[in-house]
Amino acid sequence: MNFELLFQLLLNGLIVGTLYGVVAMCFVLIYKSTQVVNFAQGEFLLIGAWVCYAFLVEFQMPFWLGFVFTLLFMMAFGIILQMVILRPMIGEPIISVIMVTIGLSIFFQAATKWIFGATTATYPQVFDTRTISLFGMQIETAYIMSFVISLVIMAAFYWFFKYSKLGLAMRATAFDQQVAQSLGISVKTVFAMSWAISALVSGVAGIVIGMVNGVSSGLSVIGIKVFPAVILGGLDSIIGAIVGGVIIGLLENGAEFVDGQYLHWGNLFSIAPFYVLIIILCIKPYGLFGTKDIERI
Amino acid sequence: EDSVFVGHLMDITGATGFIGKFYADGVRDALSYIKENGGIDGTPLEFESVDYAYKVPQAIANYKKWRSRNNMIAMQGWGTGDTEALISFVAKDEVPVYSASYSGHLTDPTGKNPKTAKPAPYNFFYGASYSDACRAMVQWAAEDWKKKGGEGKPVFSHIGDNHPYPNAPKEACAEYATELGFDVTSPVVVSMKPGDFKAQCLTLKEAGTDYGYLGNLGPSVVSLVKSCGTVGVDPTWLANIWAGDYETLKTIGDVDNYVFPVMTSFWTDEGVPGMELVRKISMESDKTGEQFRTHHYIRGICSVYYMKEAMEWAKENGGITGANIKQGMYARTDWVPKGLEGVCMPATWTAEDHRGINTVNIYSGEAHGGDVKVTKLETVTLPRRDDWLGY
Amino acid sequence: MAGFSMRPCGDFRTTYRQDTRIFDTTFVRNAAILGIVAVGLIPFVLDGYYVNLFIQISYFAIAALGLNILVGFTGQISLGHAAFFGFGAFASAWINNHTGIPVLLSIPLAGMATAAVGLLFGLPAARIKGLYLAIATLAAQFILEDFFARADWFTGGSYGAAANPINVFGYEIMDDFSFFYVSLFFLVIMYVLGSNLMRSRDGRAFVAVRDHYLSAEIMGINLTKYRLLSFAVSSFYAGIGGALYGHYLGYVSAEGFTILLSIQFLGMIIIGGLGSVKGALMGTVFMVLLPEVMETGVSALSVFDWANSTAVTDGLAYIKEMAIGLAIILFLIFEPDGLAHRWQQIRAYWKLYPFSY
Amino acid sequence: MSEPARKIETAPPLLSVNNIEVVYDDVILVLRGVSLDVPQGSIVTLLGPNGAGKSTTLKAISGLLKTEDGEVTRGEITFAGQPISNRYPEDIVRSGIFQVMEGRRIIEDMTCLENLRLGAYTRKDKGVKDDIDMVFDYFPRLRERTGLAGYLSGGEQQMLAIGRALMARPKMILLDEPSMGLSPLLVKEVFGIIEKINRDQGITMLIVEQNANFALKVADYGYIMESGKVVLDGTRDELLNNEDVKEFYLGGGSEDRKSFKNIKSYKRRKRWL
Amino acid sequence: MTSSDPILSINDVSLVFGGVRALSDVSFSVQKGELFSIIGPNGAGKTSMLNCISGRYHPTSGSVHFKGQDVTGLKPNARAELGVGRTFQNLALFGHMSVLDNIMVGRHHLLKNNFLTGPLYWFSGAQKEELEHRKFCEDVIDFLEISHIRKATAGTLSYGLRKRVELARAVALRPDLILLDEPMAGMNLEEKEDMARFIIDLNEEWGMSVVMIEHDMGVVMDISSRVMVLDFGRKIAAGLPEEVMANDHVKKAYLGEEDDEDDSVSGKVA
């Protein structure tokens, strides 16, 4: 058994996993406040990454400015999207809303390809993407940064939902829109806020991934990849999202180890998380940290 | 017949759209150039280009539609998956298909090689098969290893998705590599969709790969090479033809040792007589004539022109039907379409052997900070071994 | 209390039998039969293009009905329907290729095999609910897709498998014209069976489980059994649809059954109307015709000169995709309950007209 | 029972519903011309059989109809002089009307405390903490229930729902069957509290109730609805003395009440129309 | 009316949720043909008791015997087949089904057709069977006077109507023991009188044993044969209605002192 390789793979899994975790958190945010599973999550990342790219390359902005502009753009994007598309869906069956996000995903997938092309684009070296060596493993500084960012975002989200009034309102809205409205909560505002925050955070994640791997339409597959992460952690748990993300990251890399060294099946890397997902769900039907449905009658 | 109809399947928006667009533009421009300039010896040419997004069922549905509605005579295709799926259909319907799939499986028209699962009598492509191109590069690599003074056996790995296109040369090339004294590892599976491939790179590192065959293309290859760069893995990459071009290298940004095959002249090459026609064709979609074209674009033109000349032969020999076009493909040896001299390489198809081209130009590319440099390494001419026919 | 008796004045029912019919009135039933006959004339009137569209509609609609039984009627969202559809296609091809059982028989057999696989992947449904289950089915989707690409013995691996044409009494159904009738036959049979299921005991149990599983259980419904059963029935439909598809195309490719197709199936039933038998059909028609209409729209543009430069034609490929996404969005914004619901409202309106309130 | 109610006749109506018609789902007509007035500071009760449209009337006022595909198609609702028909529920809450919905509808996956804090969602002032204590004083048993509200018993949930309304400190509360599911002791308490709130805080109340005895005890004025129409209205005393009301809603005083056991035939359903 | 063999007997049932003791060592039995009422303050554990009987909750300790058989470990659906039907405090109808279908679901365990015979409707006897049972359901509908809403979607009905449909659904099960959780909540006097009549008929004419939770003391006093009082999960009294009402503890914890009444609804009423 090659421990060094295993160790490096797991380290890699940890780092990639936190990134999954951040994207997963964006999912959870939307879900927690609107009960909507956002199938366009991957496209949010993509849009964030492309827009930042455009600011940096087309408009030649310095990185910090482009970054801030991207965040502003993403926020506006989230709000406008909610106003135009999702607001009319308030009160409609959840599954219809989910289908709408699928429609959005199709739409943005094509739109970004059209506008930005199907080629992979590389960020200019504005930001230091040096690698540092950690335990004999090369690590991108950007990934380390994302690791820190994720922890910060996670803590912020946790506080937000537990203690802030808007956070409470979001949970109430998710539970029952009619009741929330009867309490004077503007479902529209709540939705707009959650989409805005989610879009913003997705944008950050998109930029981080883009800096390391380049931007291309393929980036949006992350949107599907984090499903297992979200579910493992529990759909409505912020901490669960991070833990789920890390587990998936570790699992992928662990599977690669087993596959590459022993089995040689070839695809364990991408398929193993799904087997594990089913097994874990059978043991813990609400993921690791998800709240149980109240089954009272 | 008052006109001939050619169906054109292209992938612009699908998984291979990144490169598919270049090739599709070549085919489209060539077809409309022919259409506007006299058709097939006076017979008007009709064509329809459909973006099937690299989806096999969509391709088959379109094929059926063209057969029933447009009386399609011949087809310009794209992917390995769809072309291989259509083998029996086109054989039965006698529709010659010129695809951009250089799968070796399409080169045995009669099933002469006992290993051939399905004879492919109506399939043609312009270029060396994926298998032959890989063999040529492996052959080059064997010498390169010696020249560099490498110790022991060099290690070779196939890297690609579990998908007809990357799979096509998998066994053939590994077999030849073993024959040449390589240590061949088990293939490393990397998705055709881009992502973070550091895990797979670590596997390559562990295996000690010296020469890695890249079976995928575009964004996926870019991700892989970049990921490997970050974990400090840099074997000599042997890319398949679709993964080797200026754009890809530029996107990777920083890479040495990137080897790939080429089948035509480059857009920037000077003093090639046939480039005049290529530039005219390019004006079809780019009035300025300034747009840079990749060699995939140019291969698209060659593919159309072989079809065009075979059709002209058919017209003189009993009318433009599928069966006659097929005969037309066998009518010449060391064949270069008129006006494309120096652009397309001399090709020979026979009724028993559809390996039109067995010569591979091997190039090497490197990129530093986005500046790309491409140099020619060698031209390898492979023997037409019978046991290599059809795979 | 208006609105509770939405049937024409003068239509008084005297027996319960009249009240449990699939079609409300004799008139509607006759209209439906007439409709089927009219559809049967399509190949004589319209060209191959439409025949082909109809065939697509039939195999997709069969599978969509299956998905609606699972999602719409039993309330278990599945993101893996395409994989079951694919399994049916491979299974039927395999059965026919390897045992020589005639295609017409291998299709239902493939349905059963798919039902078994569906049951297997449905097992977690005994414990998992809601979106968690939805994602578990997503796992099923990827696991099966991986299986298709890997199981050379069964699917031909990444190269796919050939599927023989249907053979009826020694006559090979090769062309769309005759395949049309085969698919019409299957469509009608499967829809009649589906309607009957939904108005009898087990169909009601499905809906009860969806609407309130806790009280359903107390009413004597075995939750585990029905959750699994709906997976099996749904996969059976998917299998039949898939098998038809395979034999129609003549070739089954491991790539054809992606998550995108699963999503398309979901789109069909959501747009058609969840929990409605005819909704599944309506939604399928919508989803099959949508890209065609977009395509036609786009090619209609080519009469303009500006629309013929490659820049624009390439753009149009994307515009077409975008338009499909947009059409789904717009449709759901304006018609979130689906076509079947609107249909009901239109009918209610006309029946009560002019006293529409 | 003789002390005259406050001078409600002269007070301008805080809420007035004017001949409204409500349609569900574009086709189902449920209210066919309902009018009622709720004077400032009064308690008005709305009685009627199941399915009469009482809850619908309340939802029309609070704007929650929208969420059920319902719509006010004719008529006007004005609150404090402003038209509010078909406005968004959150705006209506902000303007001072708070509805306690039928069937409690608490947020099950939150604690009592969080539910109460949500009641005060529209408030900007600092008094929220004190008001939470006030609610806990009204309903002491809620203080001890620290788990998720979904696990509370039915009655406890009802208390929480009323408490949550108080947290909003509205001008007017619409109560949909507040006594439903409460033990007799609590029913008394709740009505006591309702009255106290009305008296101490001057909050106007519109109460839909089935327990007509209690409702008419606290109410100043009452309306009776059937099949989407108001069929009878009057002051408390008028209604208490109406023969039909006595027979169908009050059961004719507690002494000569006939036993439920002895009702041998079903009531013919009384129609005022 | 009552015979002496118990149809239901509850032996020392306790139920604990985390820290909450919803039931502590409750025992009682219901005789065949009895109309047994459970009363008690809110949160006393009444609904939890019904849930233990119908199988939604499994007691932490103690046992439930139905018709002499130990059913403690059985699932709810198995108990339904043995003949336990119930209604719910918080409505639990199948909201998107018609009233008729809701009631037909009650017949589930009595129907024989299944997913194989159902689709072959006309040929497998499924139709015949459905229609037979439909007739029974119509009788229940007539009995409960809800024929005008037969085709309505259950979810759109008003609260009171839904309660009635729930009762109909439970009756359609043809249970030997029917559990009613506050069947009269949300009804006015007139409707309560009707409901009381239905329940008495179910008990006397249809021969069902009834366990009922109800807060309306008038109804409980008048129609039940025996009453049990729960408080904080404990049984604090049981017996004939008059006996129970006379119990001091019950008066205080549940009814509130009689003479306090006018004070609590003070002011103008006084």
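Order of writing sets the labels: A, B, C, D and E. Residues in every chain begin at 1.
One rule holds in what follows: contacts are C-beta pairs under 8 Å (C-beta built on N, C-alpha and C of every residue); 3 or more make two chains touch, one makes a residue touch a chain.
Chain-to-protein mapping (UniProt): A, C = ABC transporter permease; D = Branched-chain amino acid ABC transporter ATP-binding protein; E = ABC transporter.
Nothing here was measured: the structure is a model prediction, and the numbers come from that model.
Counting hops only between chains that touch, chain A reaches chain E in a minimum of 1.
Shared contact partners of chain B and chain C, listed by label: A. Centroid distances from chain A, each centroid being the mean of CA atoms, peak for E. The greatest centre-to-centre gap from chain D, using C-alpha centroids, is found for B. More inter-chain C-beta contacts link the pair D-E than the other of D-E and A-B.
Centre to centre, using the average C-alpha position, chain A and chain D are separated by 45 Å. Separation between the centroids of chain B and chain E, computed from CA atoms only, is 75 Å.
Averaged Cα coordinates give chain C a centre that lies 41 Å from the centre of chain E.
Taken residue by residue, chain C touches two or more other chains at 1, 149-150, 214-215, 218, 318, 321, whereas all remaining positions touch fewer. Within chain B, contacts with two or more other chains are made by residues 12-13, 21, 162. Multi-chain contact residues of chain E, defined as those touching 2 or more other chains: 56, 88-90, 92. On chain A, the positions that touch chain C within their shared complex are 31, 37, 39, 85, 88-89, 92-93, 95-97, 99-100, 102-111, 113-114, 224, 227-228, 230-231, 235, 265-267, 270-271, 274-275, 277-278, 281-282, 285-287, 290, 293, 295, 297. Those residues of chain A whose C-beta lies close enough to touch chain B in the complex are 2, 5, 8-9, 12-13, 16, 110, 113, 118-122, 125, 131, 137-140, 209, 212-214, 216-219, 221-222, 225, 252-253, 256, 260-261, 264, 266-267, 269-270. Residue ranges of chain C in contact with chain A, taken from their complex: 71, 77, 123-124, 127-132, 134-136, 138-140, 142-143, 146, 149-150, 214-215, 218, 259, 263, 266-267, 270-271, 274, 315, 318-319, 321-322, 324-329, 332-333, 336-337. On chain E, the positions that touch chain A within their shared complex are 51, 56, 88-90, 92. On the side of chain C, the complex with chain B involves touching residues 47-49, 52, 56, 149-150, 157-160, 162, 176, 245, 249-251, 253, 255-256, 309-311, 313-314, 317-318, 321.
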